[in-house]
Amino acid sequence: MAYVKPEEVVENMLQAGAKKASLPVKQLLIRGFLSGAFLGYATTLAILAATQTGWGIVGALVFPVGFVMIVLLGLELATGNFALIPIAVKDNRVPFNRLLVNWTWVLTGNLIGSVTYAYLYCIVATKMGSIDPATIPALQRTITIAETKTLEYAKLGFDGTIAAFTSAMLCNWMVTLGAVMAFTSTSTIGKIAAMWLPIMTFFGLGYEHAIVNMFVIPAGMWLGADITIADWWLWNGLPVIAGNLFGGMLFTGFMLYWSYGKVNQ
Amino acid sequence: MAYVKPEEVVENMLQAGAKKASLPVKQLLIRGFLSGAFLGYATTLAILAATQTGWGIVGALVFPVGFVMIVLLGLELATGNFALIPIAVKDNRVPFNRLLVNWTWVLTGNLIGSVTYAYLYCIVATKMGSIDPATIPALQRTITIAETKTLEYAKLGFDGTIAAFTSAMLCNWMVTLGAVMAFTSTSTIGKIAAMWLPIMTFFGLGYEHAIVNMFVIPAGMWLGADITIADWWLWNGLPVIAGNLFGGMLFTGFMLYWSYGKVNQ
Amino acid sequence: MAYVKPEEVVENMLQAGAKKASLPVKQLLIRGFLSGAFLGYATTLAILAATQTGWGIVGALVFPVGFVMIVLLGLELATGNFALIPIAVKDNRVPFNRLLVNWTWVLTGNLIGSVTYAYLYCIVATKMGSIDPATIPALQRTITIAETKTLEYAKLGFDGTIAAFTSAMLCNWMVTLGAVMAFTSTSTIGKIAAMWLPIMTFFGLGYEHAIVNMFVIPAGMWLGADITIADWWLWNGLPVIAGNLFGGMLFTGFMLYWSYGKVNQ
Amino acid sequence: MAYVKPEEVVENMLQAGAKKASLPVKQLLIRGFLSGAFLGYATTLAILAATQTGWGIVGALVFPVGFVMIVLLGLELATGNFALIPIAVKDNRVPFNRLLVNWTWVLTGNLIGSVTYAYLYCIVATKMGSIDPATIPALQRTITIAETKTLEYAKLGFDGTIAAFTSAMLCNWMVTLGAVMAFTSTSTIGKIAAMWLPIMTFFGLGYEHAIVNMFVIPAGMWLGADITIADWWLWNGLPVIAGNLFGGMLFTGFMLYWSYGKVNQ
Amino acid sequence: MAYVKPEEVVENMLQAGAKKASLPVKQLLIRGFLSGAFLGYATTLAILAATQTGWGIVGALVFPVGFVMIVLLGLELATGNFALIPIAVKDNRVPFNRLLVNWTWVLTGNLIGSVTYAYLYCIVATKMGSIDPATIPALQRTITIAETKTLEYAKLGFDGTIAAFTSAMLCNWMVTLGAVMAFTSTSTIGKIAAMWLPIMTFFGLGYEHAIVNMFVIPAGMWLGADITIADWWLWNGLPVIAGNLFGGMLFTGFMLYWSYGKVNQ
């Protein structure tokens, strides 16, 4: 009986949201740090796989390794929490201010973890700067991705911001489904398989994920991408966090809550 | 004991059909909306995978991600319901008018979800129209598919309608088996593996699925395919819904009901 | 404890053989029809996969989808029954005449299902005959396979009949092991994985399977293969049924019965 | 709780060794015959896969199908028994002479099964000798492998015998781990996955396995390899059996027995 | 209920650390020997796969076979123990001197196993030295890897040592997560899938693993790499062991202990 029915899945989402919102700041930072780093590992592996084979879809097939480790080890990822905590607040299981505490410190932890991994990765990949990134395809691709994710949107002005926001919305619909799908099973192999699907989907389609970008944009910058910190946050960071929040909260969080949440009341 | 024997599978089909037919309109719309969007995601991922590798079979290998999420989360897909509800009506578990209510609102929800995802996808993929779809292989292929699925049938007149109907019949024989195969296991990993098989099969063979087409044809149109809304519904939409209905209801629904349904009476 | 020991596997084989031999004709026909069609689907998918990638082994990797659906849904496949029913007769669980009833009507059902799918597939693949099969690689390959499976044997006369019989014997040793391997697990995922192995093996090696040929030869003929119905049955149908029967009954049925069957007496 | 701890695994190894050593000759021959043939099937599939794709690793990925069927159906494979029975003798669970009986008759059964499959395979693959093996890549490769596995060692004299012995030792370290890994799970899917790993490893690395060679060398000879029966046994058969025995008995059997076996006393 | 929650995972880590630290020297040597050899097998398989396909990622996909066998059979790997034992010491479950005993003898066992396999592998791969390694791509690649892992760092002096240390730190963060992920499931298939992910990740990214290098560097030297034993230990062995220790102990061991370990007190 390893399958869990949707009514219970939504109840589990509400409990997880409430529990996550109650964690102390220290835990949010440590668990957020690990999550940020794990997504960094996954992104470097995916870029490598895509570069070696020439097929982006192979990168998408391996990318979920990071997300799976985060969920199985109960760590904190801001994008996942965008779906889980608002419905717990709505269901009166946790006060609104805890939502703000969780999101603030988890985002901070995710950022520190991503940037730390980016820095260490650059040290290793360039052997302390002794290798020119342009000579290594995976590094060159990292630079290109970082530039595309910022300068391409900047070129389009407000239209670029809408495109980034929309992409982020479509992204986190799937990412949060990854967190939800993990609840459909009580077995580890079932959880892994179920969450692999939406995570592979969003990454394959190249949608904008705030935490992945917290690795790829600074890594690109250290490797030589022609981007400023303002470019990062103005054209990618802020609209993408907003889109991730809106997509995860509405399409996954509330839509499933409206479908199955009332049943238990 | 995670395997479920065929007699129980058919009993589960009857119960699921009865339960689905009893859902209120609001649920049919929300759950139908999510299903339509999920198949849209899956279709874009599959087109991307097929375009990148040059092998359609790779697209088929990843396409089931959407269907699996729909079934595991208990959402509503009209094509699946074509097999489940008629036998529940026949078995006197639910009145005929509930069948009509379910199909009408689920089809509406599926259409809204598919078209919404198509619109958002086009915004992101063309960056608010700033990129010419002809320069991106996956978008070009989307346009070609949309044209093939309508104009090619139109060219053949009534023969085209028969071909579309037959293709849709063969399609939904498999799609509905996806829903049935999910009942052969009580574990999530078993359900995923079992339903993956027929869904991969129909998509690989390119058979016509009404809800997939509710994404791919409007997306193609927004990207520049030379199709009218009349082309869509006259040459694809209506004959494909009819074929999906006939194939799913007869070959999966009633054939399994005739084989195993009487046993429980 | 999802693993089932060989002694119990053989006991399950005997019970399944006895149960299958007791089914009424109507069930044999419906379940045989579905099995024939499912192998047709699987064959078209496998031919497509092999044609697209250029690697026959990829076709073999996806072919078991049809067999898995047959076994999980408890349907009737003559080749599988060649191993299961004779030992049940030998073990006095069912009279010999029921063996003849089962084989006759299941073969008939398999034939109707295979030919029906072949006909519908040809309608769709050629769009009611408006497309020349020679322009579509998968259809061209279907024609070639149909010709190879008949005319190549015919050319060799009696030697060809021995080759076809031997190939069929090696084929059904594996196919019947597929049915047996499904008994080694009580979980759906275990059954799927276990039966995938021998089915993939026989198809990859290109051995002759009577029911697969009931799809591929008539489909080839409709698409334009230069074969007569006499060619089909004389050079392929009859020797292949005989080889399938001999291989399945002796190497799988009786060898496992001799190994483990006596234990229960 | 499908995972089995190492202490129990070693206890299971001892029980299996004792049970296998107690089987009557008839069972050893039938079960040995089936095992030999199954490895033959697996080898032909692997050679085909490697030839079609040009990547030996793909052959290694599919090769374990045969070994998995052997273990799940409780059949007898001499190389596996080299690890299981000596420790059962050492642990006083079975007298030494039963070890000799088991090995003699299982080797005989394996040889008959392998050679029978080799003969039938050659009939089918060359269509009763009407096709020149040199025109079919997989057959040509079989000939080459058979020659490499004998003549290359012969050329080096005693050094060749040491190389063959060492290769066989490294081979059976992994093959016997396949038998051991199957004991780490009580579920069929767990057993399949666990034993797949070492079997894939040894085959990918091309180490010498006595039973695989009992298929590939005679098949090569029938297809035209320039080898005598003396070449087979002198340069491959005998040193490889010796290396398989030494590697399996010492590195897997006794090392695990020394690690975990005493715990139970 | 095969999934294990993080609180229990950390408790299991502490118990495993304490148990491993209590093993007698003989067991540490035997189990360490087997682990070293298994990673050697895995490395040769991965190098072969990467060389044949030209894609390093394929090597990474198969590499975890060795690690999985080590964990499922409860063997001893120094790098894994770097995360498990320090927290057990910190939690007062085992005295500090047992940590030193474990690490010393497990490292010794790992080294003997790796070097033994390297020697036997070279005998087989070069057929007792009769084949020039430069003519076999996988051997040539082994030589290149061994040189890159030493001489490239040497060229950079202290910067090289920092790069090697950092790479080793990033490596063992993942390797130790492999050991941890195995605790997230009570089923064998769940353990295999869960630990596959981080191991595949570190190997794909080419981070420095002390035990893998204990195979690849001596093997490269025997095959003709232009390295001294001083190069090995000075530029790779020592900084990599230090980085493995620091990364595994801090990022996996203590970070998870700080997150979940206090809960049980």
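We call the chains A, B, C, D and E, going by the order they appear; numbering starts again at 1 in every chain.
Everything that follows uses one rule, which is that a residue touches a chain if its C-beta (ideal position, glycine included) is under 8 Å from a C-beta of that chain, and two chains touch if they have at least 3 such contacts.
Fair warning: this is a prediction, and the values are worked out from it, not measured in the lab.
Peer 1: Could you tell me which chains are in contact with subunit A and with subunit D alike?
Peer 2: E
Peer 1: At the interface of subunit B with subunit C, does the proportion of residue numbers present on both copies reach over half, so same, or stay under half, so different?
Peer 2: Different: when the shared numbers are divided by all numbers used, the fraction is under half.
Peer 1: Counting only Cα atoms for the centres, state how far subunit C is from subunit E in Å.
Peer 2: Between these chains, centre-to-centre, one finds 47 Å.
Peer 1: I'd like the Å distance between the centres of subunit C and subunit D, where a centre is the mean of that chain's Cα atoms.
Peer 2: 29
Peer 1: Can you list every residue of subunit A that touches 2 or more other chains, as numbers and ranges?
Peer 2: 2, 185, 187, 189, 191, in rising order.
Peer 1: Chain adjacency by touch: line, ring, star, complete or other shape?
Peer 2: Chain contacts: single closed ring, each chain with exactly two partners.
Peer 1: Give the list of subunit E residues in touch with subunit A in this complex.
Peer 2: Touch list, subunit E to subunit A: 1-6, 9, 55-57, 60, 152-153, 156, 159-160, 162-163, 166-167, 169-170, 173-174, 177, 180-181, 184-185, 187, 189-191, 193-194, 197-198, 200-201, 204-205, 207, 251, 255-256, 258-260.
Peer 1: Note which residues of subunit A are touching subunit E in the complex, please.
Peer 2: 2, 26-27, 30-31, 33-34, 37, 41-42, 44-45, 48-49, 52-53, 58, 62, 65-66, 68-69, 72-75, 117, 120-121, 123-124, 127-128, 130, 185-189, 191-192
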